[in-house]
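Here subunit A shows up in two complexes: once beside subunit B, once beside subunit C.
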Partner chain A sequence: MMFWEKSKPYIWAIGISFLAIGVLVWILGYSPLEAFKTLLFKPFSSKFQLTATTLKFIPLLLSTYAFSIPFILKNFNIGASGQMLVGGTVVAIVGLSFESHPISPWILVPLLLLVAAVSGGLFALIAGYLKVKFGVDVVISTIMLNFVGFYLASFVATTPPWKAPLTGHPMTKELPKWALLPTMGDLHIGIFIVIGIAVLVHYVMTKTVFGYEVEAIGHNPRASEIHGIHIDRIVLMTLFIGGAMAGLAGGIEVMGVHKRLLEGFNITSGADFGTFGSLTALMVEGNTIAIPIVAYLVAALLNGADSMQRTMMLPVELVFLIQAAMVLLIVSFRGKFKE
Partner chain B sequence: MKAVELRGISKRFGDVVALDNVDFSVEVGEVHGLLGENGAGKTTLMNILYGLYKPDSGKIFIMGEEVKISSPLDSIKLGIGMIHQISTLVPEFTVIENIVLGDKSLGTFKFDVKLARKKVKELADSIGFELPFDKKVKELPPGVKQKTEIVRALYREAKILILDEPTAYLVGDEFDQLLKAINILKEKGVTIIFITHKIREVFQACDRVTVLKGGRVQGSLDVRKASEDELVSLMFEGQKIEVTDSALPKMVLEDVEKTKSPILKMINVSTNVPNLKNLKNVNLEVYGGEILGIAGISGHGQKLLTEVVVNPNLLHSGDILINGESTKEKSTVDILKSGVFFTPEDRVLEGSLPTASIYKNIFLGHHREERFLKGKSVVVWRKVRSVSRELIKLFKVKTPNEVIEIRKLSGGNMQKVIFARAFLNPIDLLVTHNPTAGLDMASVKFVFEKLLEMRKSRKAVLYINEDLDELMAVSDRIAVIRNGQIVKVFQREEFNKREIGKYMAGVVE
Partner chain C sequence: MNALDEIVRSIVTYMPIYTLSGLGIVIGGRAGIFNISGEGAMMAAASAGYLSAVFMGNWYVGFLISMVMGALFGLLLEFLHEEMKVNQFIAGIALVIFGTGLSDFIYKLVVGIKFYIPDAPPTPEIRIMPDIPILSAFFNQNIVVYFTYISVIVAYYIMYKTRIGIEHRAVGEDPRAADVVGINVKLVRYLATIIGSAFIGAAGGYLPLVITGTYTPGIASGRGFIAVGIAIFASWRPERTFLGAILFATIEAIALQMQVSEIGVPYQFLLMLPFISLLLVMALFKGKIEHPSSLGKPYSRE
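Let's look at the complex of A and B:
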């Protein structure tokens, strides 16, 4: 009963947005049935497709946390993209510095992951500091910091000693083997890392005093403050954690997927992970069990969109339409079904 | 003619029956009291009339005609105005802007300020209200906000005015001003519905009264022919409560030997917080076994007086000793752990996490106590919930369980949860600001008993309240605060409403 009541807005939103897209596809002269089949079933149809979906899921889930954790305090971290770029860039620099010093990956890989998380976290902390010290809205500072992250990555990708020789697209040299994430077939071990993180996030947010303090401020900052919760400290901590998640996503992409820093590695299916992450976070409203599940479904949708483009020549942008329509409808229905 | 007639109104919220087949009618030009204890359904019934809730069944007639009201826009068009307990004004707008908000006749793009001021001033003068037209609403005390809301309703040509617990936040002579205005409005033919849980106010303000209990009508009476006992028995059905002249539960202060040294000692306490009335060289001592009342007009430093005890960061100079120990180096959490607790003035804005469950609300401020934690940082929610269930039972909070959001409780029950939170642990010192705001008589009595229990077990209570009657009912001493300073301390033998009032108002320095 409770579950049904809660799912109502989602079911409506998904139904209506798919219906609308179906009509659009039909008007464009394609078969809606075929399109939906590709979109919904293709991502799960083979091992290859499942791997492709999972590879999108890993950075997407981390980007979702990057938005959703600071968002509990009504801070909009839309800087996941920049934080991801910084994490990836720092990992590339540190990783390349070991180019001629072979070292056990058992030491280097965890170190690089830590470096990625910390650098992303510290980068987001700039926005946190501006917020706490001068009251600068996190939206503004993180948008601006996205440019910083982007140009920092570009700079490293086009400047010796990091730049790859003889290439048109800005990218660095390949990282040494001992700096890469171990793989199983086409999939790297990042999946285990994010599963671990998903469990950890759920535990911390629902079972610890820190999680309670974050939640309390989200409900009422003034009451929390006068009952002894330090708001500034928690603002900084949540932004650090959010930035660390995005930074880690950057590190994982660089170490696991591209094996180098590559301009635009933060982009997938036509938009950046930060955007998809914030959309996903807005759909689930901070429920720590729903976040990984929904993130996986969104990853599948993105993968399905890629397939749809390949096999039917339908533009991937259709999926953005679906996702955007869904978010809008979910948010509006949530309000409507509440009373 | 009947201004309002409600027939067979029922309303459920989930499993809770809020109103059960209620019939209610008000004649044109009368002041009609709607009396009942907390959670009786008074506000719900009026929210239905105002279009905030849809009834599950029942019909609404205005001036004899059946109407459909599906939002406040409809009810405003029908000439209904409602003044809620919590201000619905725009805080960033001035008084005048709030009043004329939405009036297109003052100009489409730019409104005619002079004309607006003239119209509003006439209106306010006609009911004897003086308003600071150009002040922003957020700077005003609750009483002035309420006057602004009344004028706004009249500006929108309300013929039926609903006042929801209008006296809950009034201080000094504001109640008399309200009574005067009500009488003028009545002469003008405005119908008034006066929601209250205070029997005294029914006799002061109303012509007729309808008593609600548990969502049902207990009866409608002519106030002139009704007796206090009759109303009490309708409201409480048999529960016997003795009341004083000021319609407060009668309390007896037993002789208690005070502790030798004070539990709370404030030495030359001054604060320096922007945008609040600051404390200036406050010296106070509260001994175990006594209740020290703090009287004063709202906004004279009470808020910081409450807060500074638990938050030494607010101290600008001076020192606060609790059981002889300075709190300067301590954090709020440390102080709350050391046998001190407080209840802040505003139950919604400061006291609660409105959208969180009851048990998470009770946990607030206790969230660093070892007994609820495993290790240093893991919460054992099972324990928090079982303690919450006990408190709910002990403090008679009306709720199906401890999991529901606190904002879904009625105002009085919400207040009880916040008050209960302070008694989760045995405490030496309670600092409590307006703990009885919006409580019915049975609950007020309960709060008083709790304060007296603390007194009896030789603990200290710092009791801050704007209602002098309530302070006088249980305090051993009353200190008057004005402009952030303690201007006078009265012993219980010297209590005299008029005298204390003079110091509150600053007539005597």
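Let's look at the complex of A and C:
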């Protein structure tokens, strides 16, 4: 009963947004049935499609955490995109510096992943510092920092010694083999990293003092201050962790998928992972078990939208409309059903 | 002299983007609505305005449609906030994505299949100044520049010299007190957000209709967010919004100029300038920035 009550807003929201999109697709002269079939079943239809979905899931899940962890303290980190770009950029610079120095991947790969996470975290800390020290809202600062991150990545991708010779699209040279994530078939080991992180996040948030403190401040900042929890420190920590998640996503994409830094590597199905991550986080509202599940479903939806554009010529942007509509409806209904 | 004249001209040409969008955010903010959906509204307005201008063959229709599109976003934002009790930031972020998706979606549906991308009809210009260098750059300009000057003056006048303006600001400062003295808080917030978003839409339409002549995906490229920064920087005052807009138009024009003249600084760092300067400005002017007291907060009678 409890579960049913809780899922009511979601069922309504998902139902209505799909209905609305179905009508839209139908008005535009396409077959809604075929669109939904492509959107919902195609991503699971073959091993190839499952891999494609999983590859989207890895950075998407990390971007979702990048938003949802600082969001517990009501800070809107919509800067996952910039943090991801910075993580990827720093990994490319460091990785390429080992180009002519073969070194065991057992050392270099973990080091690079750490570098990615730390650089993303530090980049997010700029927003944290501006918030704590100057009261600049995190929404505003992280948006601005997204552009800084974008141009930073673009600079590295178009400037020697990193730039790949003879390409039109801005990208760096390929990373040396010893800087790449090991793969199994088409999938890289990033999937194990994010599964580990999902378990860790769940454990920290539900079983540790730190998790308790963060939750407590989120629910009642004033009372927590009285009880001696230093809020500024926790704000900085959550932003650092959020940024580190996004930075790690950037590192994983560069080391596992593209094998180099390339402009736009943070974009999927027409928008950046940070954006999709924020929306996904808003849909689940901090439930650490639901986050990975919903993130996987959203990744499938994005993959389905790609197929839909390919096979039906329906613009992939349809998926933005679906997701934005779903988030708005879920958030609306959550408020409504609580009343 | 000529080069300077050229730069001033481009500053004045870029100015309406920031003034109109910043003004729109100020108008909403003064009623307590923190409208960060600007980027999405600008994109959707750009796409809708461009397409309707091209297909109707009429510049004015395009500009008007972009304002209408903006207004619809304002209506949606305020509806979500007021009736569905959605947090303003959440609604704003979702609308940014909605607008970004919508703009490319309609564009791809209508034009995407064609190889030939038509240009928008030319923008009407008004020339009322003799050719005095620099000064004429402010006045011998396209019609939207004049529209912008008038909008700032009218907004300033209404906000500070009329009863409507007092009520408008009262809602932003203290909705409960405003309610007690009989002001319809909800109505004021709806109107302010819708009118404000119409201005944001105008800024969006300005991009393809005047600046580039055609729509390209991602056309707003963060300007809708810069506008939020300008509104904050301006302490939510129309006349300071104009100054902030001139400042950011100058940064953009200079960055563009430096890019063309290849002065050795990588262009990416020049393009970062507006965003970094905004962060610096917000940090440096920390104590001097004032916000309407109820900004971002919902109001209900219970």
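Just so we're on the same page, the second predicted complex is superposed on the first by the 339 of 339 C-alpha atoms of A that agree within 3 Å, B and C clash if a C-alpha of one lies under 4 Å from a C-alpha of the other, contacts with A are read in each partner's own complex, and residues count from 1 in each chain.
Keep in mind that, in the parts below, contacts are C-beta pairs under 8 Å (C-beta built on N, C-alpha and C of every residue); 3 or more make two chains touch, one makes a residue touch a chain.
Remember, it's a predicted structure, so these values are computed and weren't measured experimentally.
In the overlay built on the shared chain, the residue A:Ala20 is in contact with neither subunit B nor subunit C. Applying the stated contact rule after C-alpha superposition, one finds that A:Ile143 touches subunit C and leaves subunit B untouched.
Within the superposed three-chain model, A:His219 lies in touch with subunit B and out of touch with subunit C [touch as defined at top].
Contacts of A:Leu321 after superposition on the shared chain: subunit C is touched, whereas subunit B is not.
By the touch criterion stated above, A:Ser332 is placed in contact with subunit C alone, subunit B being left untouched. Judged by the touch definition given at the top, the superposed model places A:Phe155 against subunit C, while subunit B stays out of reach. When subunit B and subunit C are set side by side, the one touching more residues of subunit A is C. By the touch criterion stated above, subunit B contacts subunit A in their complex at residues 307, 310-311, 331-333, 336, 344, 349-356, 360, 363-365, 367-368, 373, 377-379, 381. Against subunit A, the residues of subunit C that register as touching in their complex are 36, 80, 84-87, 89-91, 93-95, 97-98, 100-102, 104-105, 108-109, 112-113, 222, 225, 228-229, 232, 266, 268-269, 271-272, 275-276, 278-279, 282-283, 286. Taken together, the subunit A residues at the contact with subunit C in this complex read 28, 76, 78, 126, 130, 133-136, 139-141, 143-148, 151-152, 154-155, 158-159, 270-271, 275, 278-279, 282, 313, 315, 317-321, 323-325, 327-328, 331-332, 335-336.
Of all the residues in subunit A, the ones that touch subunit B in their complex are 207-213, 215-216, 219-220, 222-224, 226-229.
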